[in-house]
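Two complexes are shown next, each including subunit A; its partner changes from subunit B in the first to subunit C in the second.
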Partner chain A sequence: MTVLILKTVFLITAINGALAVLLVIAERFFANYGECRIRINDQKELTVNGGISLLSALSSQKIFLPSACGGRGTCAYCKCQVQEGAGPLLPTEEPLLSPEEINKQVRLACQVKVKQDLSIRIPEELFAIQQFETVVEQMADLTYDIKRVRLKLIDPNAIQFKAGQYVQLVSQPYGKVRESVQRAYSIASPTYENGIVELMIRLVPEGICTTWVHEVLQEGDHVQIIGPMGDFEMHEGEGEIIMVAGGSGMAPMVSLLSDMLKDPPKRKATYFFGAVTKRDIFFLDEMAEFEKRIPNFNFVPALSDPQPDDDWDGETGLITVPLGNYLSTIKTENAQGYLCGSPGMIHACVNVMKENGISGENIFFDPFG
Partner chain B sequence: MKLTPQEKTMLDLFKPGTVSKDGFLGQDSRHVHDIVEADLRSLVRLGLDQNDVADRLSHFIEAGKKGLETTVDLGDFTVQVQWQRGLILCPFGDKRRLPKLMATVCNKKLDQCIRYSQLNVHMIREHGFFEGEGSPFRLNPAALVHLLDIQPTLNKEE
Partner chain C sequence: MEGLSPWILFFAAIFTGNILLTYFLGMCSFLSVSKQIKTASGLGLAVIFVLTITAALNWIVYWHLLQPLGMEYLRYIVFIVVIAATVQLLEMFIERYSESLYLNLGIFLPLITVNCAILGVSLFMIIRKYTFIQSVAFGAGSGIGWFLAILAMAGIRERLNEKKIPAALHGPGIALIISGIMAMAFIGFSGMVQIQ
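Moving on to the complex of A and B:
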């Protein structure tokens, strides 16, 4: 009886083993897509190994599409036009694409698998996106929950970017976090200091990347960034520049203001900074310096809930209040609005700007939300 | 318990470091379905369902959003909402991405506060999931009902 049981167990094990080997062989032969060609903008051609996502295939060839979710199909930043070879639209892509995009064959590069030759179109500026090896040169607390991180670029050792653009910071595994993730942060440093990148990073409760920055990252650590990305930048114009940003949203504003130091605008610029209490305000000295050195620039900080020991004699109320009051006193016909910060603040301030006559076409912000 | 490949992929998203730093299950060793079932049973005992809870949580979030991170006084309650840039994925595999929005609601009479996210509201409404015991954003249904004074929705269809 025992022998019979052992024989049966052996037989089942052997069959299972044989099936497993067959599956591996089948995968190797049937799921092996071999070398596939990706033709980009009818100009450039890459040869990649099939079977991986289009996003991974492109990044393996040093072409980086924006992606903030690490290829999970959630951020929808990696949209690109796939003219041939992508196969049918996937259910994972459909909710993230508009009918117009679907008509134009726009797909999510992280969801499209390279199984045959592809023909794609991507904006030319994406070719300028690079992966940088950097070292953390300096870290400092700006507030209790915002850190300033200064990265020295090693390879490549210089970055060309426009003030207002962002980079993606690649975190490393730590604690229970076993995978690296990528998150987008606006560049705070001036464009003319092209050997460094400064970021302002606010701690998000339970956030994988921000917790890594705040609790794990140290000066001297090596870090990867990918960029520059984004089209938030200063636009030509005649009307007044109205900037609104709170918290770490100050980062791109500092970069824009640094550019203004070198090339002062002929028009007036006013920056409204919203915070709750005095402990949420930072960079006051730096802003005072910008006021001194940029003609017609004013910095207007406002506290929505000043505490008795804040000793605050500046503007009070939600940032929408001083913004609305100010806009009602100026000509807004050609004014331009530049915003960065929480989606709630942006939404509220865009409404105030529009109510006061700033055209929607002249209001600019990064749609990170 | 044996899991289908789809369930296995989904459960990976509940683990620490995938969608959020500490995941959604805490030290709870129960299957997600068992956690959901137990919490929904405790709601039924209180004469409520998951929509009653989600509606109340949404009410505070909407009121708090108007404060642009400043605490809003609602009489017996105060609410403060922090809205960070970016979106967070629902771990249930429904591909929903929720704003990174965190509300802190305080009951003045009880002198107690509770913190929850927009993702909590979505997971409660759509999946009946209050997170596992020990998870940083676990919401105990009975405590939540007590603290937020949640009442059954009137005119509920039978």
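Moving on to the complex of A and C:
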């Protein structure tokens, strides 16, 4: 009996071992594409080891393309133009690219494998994206499910960004989660405070990164962020500014408002903030302060389901209701819309804005999934 | 089974003893990937490919390794491991040398590791004591039979998209009924050659 068991164990191990060795050798042999050169914008040239995705090849050389899904080909943030050497379009990329993008040879950097010399084009601003080593200076609860995280930048120790942009937070493995992921969060701190970055992070049920922030991350911990990224920012204009946000969509708005405080705009600005009950609402004192110090700025919070003990005397209903009511009373011809929140909320509010005469090109938004 | 011509085995595996419609092996990918002709033929091609190669490899492993050692009872584990390794190897090989084939088969190859038709063919050829040539013919024939069945199914389902089907039968419901009817139709071939 013992002999039989030993023989079995030995044979299984031998076969598995032999096949594993075979696969490792095969991988060396087949999947080794040697050194490949990547030409960027016909200026820079990088040399990387082939066989990995373009996204990781670039980040290994400190060029960070935005990526919110961590290279799984779902967020489509890592789009870049690949002029030579990418091979045919993959079935995983096709659904995420528009016909014009396909014509322009736009590809998803996380899906394109570096197998030969490549020639790519990326926007110049991306060169400004850096990885920052930071330490958590302060953590505070804004509501029962939104935390405010203040990061002090260590290396590099200052960040240049435009109000409305976001950074990617790199989570560390914890508990049963063995992987490190990157998720995008808007910067809530003012642009002139360039030594710190403040984020507002809402706990997403089952969310890998948000659970890590809410349950594992402590003051004094070291974390990495990559940024700044994104093109959500204040645009020049004559008409009224209409801001709409919900939940942690507050973050970029606070940054935009801090900029307005330094350099008050001549036009009127109104900020609609949607929440369900009073326990979802926060920053009321800060908003009152902004209202006092920015001329022509109004803050309009609305609760969609105020509880009896909330003692709420403000607007009620979905945020689209006060927004629609307000827009119907003003001149919307040159007005600009700035939105940040869930895709559903943004979609509904963009429709209300368009119905009230704000043109699509004057509506700017930053959705998060 | 010494006397049986490999050609007879080959055609018998396609028609009379179709691995899918007679033995009902490989049903789950058959039902889930048969919505479009394009993807169905991709998966079908990958199955032909892997079935032929693993039939040959598993034949060698069984008759020249497991049997001489008297450890035939390990065949289930060993066959699965060989199939998984073959699929991995093939994926690497195809990715390197044939971009277009990789694009067509690429996403289906890993799926095939768990397709029970592959393991089924390896086990049948052992039970029926086929020779090496017979086994390869049987593997290739079974693969082509599976390919034909999923292709026919995908064609029918694409046509059904335009037709009105009772709500309760949408998806797997109607697919199971169709495969039943297809299996009955294939009984019509059974007069030709009978292999057991």
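To be clear about the criterion, the second predicted complex is superposed on the first by the 337 of 369 C-alpha atoms of A that agree within 3 Å, B and C clash if a C-alpha of one lies under 4 Å from a C-alpha of the other, contacts with A are read in each partner's own complex, and residues count from 1 in each chain.
FYI, a contact is a pair of C-beta atoms (placed from the backbone, for glycine too) under 8 Å apart; a residue touches a chain by one contact, two chains touch by 3 or more.
Since the structure is predicted, the reported quantities are computational estimates derived from the model, not experimental observations.
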Touching partner for A:Ile15 - first (subunit B), second (subunit C), both, neither: second
Subunit B versus subunit C as contact partner of A:Pro99, first or second or both or neither: neither
Subunit A residues touched by each partner, larger count belonging to subunit B or subunit C: B
Touched partner set for A:Gly360, first subunit B, second subunit C, both or neither: neither
Which of subunit B and subunit C A:Lys7 touches, first, second, both or neither: second
Which of subunit B and subunit C A:Pro88 touches, first, second, both or neither: second
Partner chain(s) touched by A:Arg72 [first = subunit B, second = subunit C, both, neither]: first
On subunit A, the residue positions that both subunit B and subunit C contact, one per complex: 92
Touching residues on subunit A, where the partner in the complex is subunit C: 7-8, 11-12, 15-16, 19-20, 22-23, 26-27, 30-31, 87-88, 90-92
Contacting residues of subunit C [partner subunit A, same complex]: 61, 65, 69, 71, 74, 77-78, 81-82, 85, 88-89, 92-93, 95-96, 99-100, 103, 106-107
In the complex with subunit A, residue positions of subunit B that touch it: 15-18, 20-23, 65, 67-71, 81-87, 89, 95, 97, 99-102, 115, 136-137
Subunit B-touching residues of subunit A, taken from the complex the two chains share: 68-69, 72-75, 92, 95, 173, 175-179, 183-184, 202, 204-208, 211, 246, 274, 276, 304-305, 318-320, 341-345, 348, 366, 368-369
